[in-house]
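Paired with chain B in one complex and with chain C in the other, chain A is shared by the two complexes that follow.
Presenting the complex of A and B:
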């Protein structure tokens, strides 16, 4: 039983990393949002599995929050925003896919090497979980860095938060309060950034953050 | 019966209350009299308390107030060393308050000065009383900021804003050095009370680092070359009684900090520490007085002369360290007593001279000596007390400056006993530097007095000058009397200083009160002794006799004739000997090397009616070699970093990302 539990947790966390990789090469916004929803679903499954094997019913709440907010409400809302802004046909000029994927692999290798060495004394389940969580966080940052569009930067930021939630649930005894606050912080960040996007739309007629720089008279 | 330390803290509380009172009444016309009257009374009480505890050899008293860091509180302690410096601080405070009663009424913006004056006094008292690192640093910063506010009180004058800026930068730098020094002193345990610090053993490299940091921290406040640059800017910028406090007293608080850490907290010194302090002191003394000689502004001249005196004090302290490290307790006590005596003397005569400069400033509105002259006829009393200050600071008997410098040279003469060759060579060399500094100081104050008070008035303002009010005169006459008394009764001062030397060095100088005829004998009768009273009586008798003989045997008929004018009979006062011409020989000998001084004559061609002009170019080596490169480097990097303000959002994110990955990589490689 223990080995099976470990394997499934491992599988789900690994799946999260895999979906993070998928985000790296999406150059259309709708596709990116769909992948993000899948990311959140896998996160919810992973958290639920942790709740099951740790006998921690409060983690189910976290799983439900992840599923409802991140997998349904936020992607749907972002879909609407993209449609309202009329940018669903834009193709993002991200950094080339090849270098991005290579960089992503390097980051995952780095987090594995680091976490497995640093947490030598910890429970093997928590070790693997933390290593994967760090990978997800770093990949989320990489998404934010390689995108120019504000919507995809928001998505990168939220996948980063997903990594944090994975780390928080992997460690035993994390109080519920923190998860709720994390979820709410994401929601608030989403609202703020959503409002922000509309203001950009009003004044610049695009959500490309490059336009902000042009307005300030800066070179790219 | 409350303890002595509590008594002093009540005085500090009263000073702080005076600050509040000054803010409340700052717009009222009587507030000058109220505030200075209050600070005078409080300083006098605190002075009496400090002197009593010094003379009565009372034991150290401690007090912990429940303010400050929650687990530490604020420790205060009054021991012999603190009592001596409290006496210096409060004597200066009382004199400056008395002077302020008169001088303050000429102040154009009293509400910028009055609230900070008592706060400044309170800050200096608190630094001396503090007994843990946190309280010490807090009070040190409080003192710095209060004095900064006083420097900036006339902030609309062009140079004052720059002076305040340089002062603030140097004060922050000094406090940083002190912070690091206390961090090292507290050791691994992180115990911030001085009592705990005394018990910690330090490795030689740690002790050397603490010494270097203290030389930076306390030295920048005291004015050691090359950290002195703020001092000649900031001290003259403040109102004159505050200048007197900053020069005469605040630099002494910095000396106190140095003594407290290096002699008291750091444990047994090494002889190499002595060499470093000694050389720094010698160089500071000579450089300070050379700067002073080149100066035309009276108050800046006095500020530079403060640097010289601080050099003398530090050289004595270096000697004390060197003797202490080799176990020569008596010689160490002699050098240490000389340093403390000089601290006391300098607070007397430097306050006196700044008061004199302030008196000249109020009655003429001039600080430039080249526009003064002939004031001895218009301000006879000020001239007399200023002359006393000049004679005292030039280390001429029978005044007090001579005694402390003589004691220091007695300590220098003990150096052949020292075992290290380095010290055997360096001590006489620094002794020669100090002798040079003393001689140059005499030349400098001949210039200061001669150009300002003698000759004929060089400007209408100097011609219209009048004597200052009686409060200013009372403060100056009191300090001049103290200079004289300490000069003819040095034995009393040395005996009063003995508990301090006993507490810090572990030895004391022989008891002087029992010597016949008020002589002082630093080591033993056969080697050397000095009697200020006899010298005074001899000078008085010889001068009286000379006057008597001249009047007795000279012709009674009064003859009036033209004064010999060296061939020039130009009646314009501008043709008199000026300060610049007075120091020309010294400028040519020393200034060519140190200041790269050069003279250019601009001679108009025949037929041109322009006057010929002599232009003197001088370069400040410390500014140009040290501070200019440092500021240029800072500006260079600031300019480069400035571009970081205008990056795109994505680039900021990339920076954060790159930093994170680099740190993780570092962790992965070295963990």
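Presenting the complex of A and C:
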């Protein structure tokens, strides 16, 4: 039973890393949003499974928050933003997809090596959760770095936060207050970013952040 | 019928490729482990045998000197250069989990309850299926039935062959498909496979199970081929890059799994 419980936790966390890679691979905006929703669903499943095996009912609340906010509200809102902005649906990547994937593999390898070395004495479940969470965070950062479009940068930011939630659930004894406040601060950040997107769009007629660089006088 | 400037290489290649693929196909345990040549049924040896078969076929494609053979060979080698690393990474992933690259050991391990539920194996399986589609010139990569200039890969390479040579090559291609399907079955679905010293009834059951699995696999292949379209040649690196990535990710994830 214990082995199976561990295997399922491993499966879900590994699935989260895999979906992060699908995000890197994706070059269409709507498909990216759908993948982000899938990311949040897998996160919710993973957190719920952790709640089940750790016997920690407050984690179910975290799972429900992840499911409602990140799998439903934020993707739907982003869909509407994309529609209202009327922007180009192809994502322009700063680096090609191939090198990005290779960089992603490097980051995953880095986080595994780092986490396995640092957390030698910890519980194996927490260990693998931390390693996967660090890779999800780094992959989210990579999405933000390699995309020029502001909407896909927002998606990268949100997936980074999913990695943080995964890390928080792996560590036993994270108080619920912290998780709820993190979830709400993310929602606030999302609203602020949404407002900013419209402002950027109003001023520059595009959400390509390259326009901001040019406006500052940093011409490439 | 042979081209006038065909060399000896052109004439022996069908036999070489057929022999290599035949040996490789014979090494894969289909319904029973514990065979006489189990010690040589190594995943890496099978990859090498298939690689040498492809090498000779690509040489023969360029031998006569027509432009079609050249374009077919160059495309085939490009696909192979991407598919082979993906295949090897998948082999590493499976070998790390099963503790051996020998197919009968792998099959015995996978059939036992020790395996559990592993995300690495799922990734390795998808990677192997993608590689198998590419290597067998199936639809998302290449169309085995096409004779349209722009899309031919494997067919362009063997365009100069006719008669018994073509028959050998075609038979080799069929065997290769059977090999890959058997490989997928043997590594990931070795249920009902007979072990050494079992009774004759158990052999009958496992033969029936093997045939059933082959039929299911062919059905799934046909469904997949009708549901997808061939991709552009320039998209092939992305397709196989995803397979490579899955193999690598599976290998990496294995290091944080249970018992390591």
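Rule of thumb we're sticking to: the second predicted complex is superposed on the first by the 214 of 220 C-alpha atoms of A that agree within 3 Å, B and C clash if a C-alpha of one lies under 4 Å from a C-alpha of the other, contacts with A are read in each partner's own complex, and residues count from 1 in each chain.
Methods note: a residue touches a chain if its C-beta (ideal position, glycine included) is under 8 Å from a C-beta of that chain, and two chains touch if they have at least 3 such contacts.
Note that the coordinates shown come from a computational prediction; the quantities given were computed from them, not determined experimentally.
Q: For A:28, is the partner it touches chain B (first), chain C (second), both, or none of the two (neither)?
A: Neither chain B nor chain C is touched by A:28.
Q: After the superposition on A, what does A:4 contact: first (chain B), second (chain C), both or neither?
A: second
Q: Regarding the shared-chain residue A:15, is it in contact with chain B (first), chain C (second), both, or neither?
A: Second partner only, chain C.
Q: Contact-wise, after the overlay, does A:108 reach chain B, chain C, both or neither (first, second, both, neither)?
A: Touch status of A:108: second partner only.
Q: Quick one: classify A:117 as touching chain B (first), chain C (second), both or neither.
A: Touch status of A:117: first partner only.
Q: Scan A:98 for contacts with chain B and chain C and give back first, second, both or neither.
A: A:98 sits against chain C, while chain B stays out of touch.
Q: Contact-wise, after the overlay, does A:144 reach chain B, chain C, both or neither (first, second, both, neither)?
A: first
Q: Okay, in this complex, where on chain A does chain B touch?
A: Per the touch definition, chain A meets chain B at residues 107, 110-111, 113-114, 117-118, 138, 141-142, 144-145, 147-148, 153, 209-210, 212-213, 216, 218, 220.
Q: Where on chain C is chain A touching in the complex?
A: 116-120, 122-123, 237-238, 241-242, 245, 248-249, 252-253, 255-258
Q: Flag every residue of chain B that touches chain A in the complex, lowest number first.
A: Touching chain A: residues 646, 648-650, 653-654, 656-657, 660-661, 664-665, 667-668, 671 of chain B.
Q: Can you list the residues on chain A that touch chain C in the complex?
A: 3-4, 6-8, 10-11, 14-15, 17-18, 21, 25, 97-98, 101, 105, 108-109, 112, 115-116, 124, 127-128, 131-132
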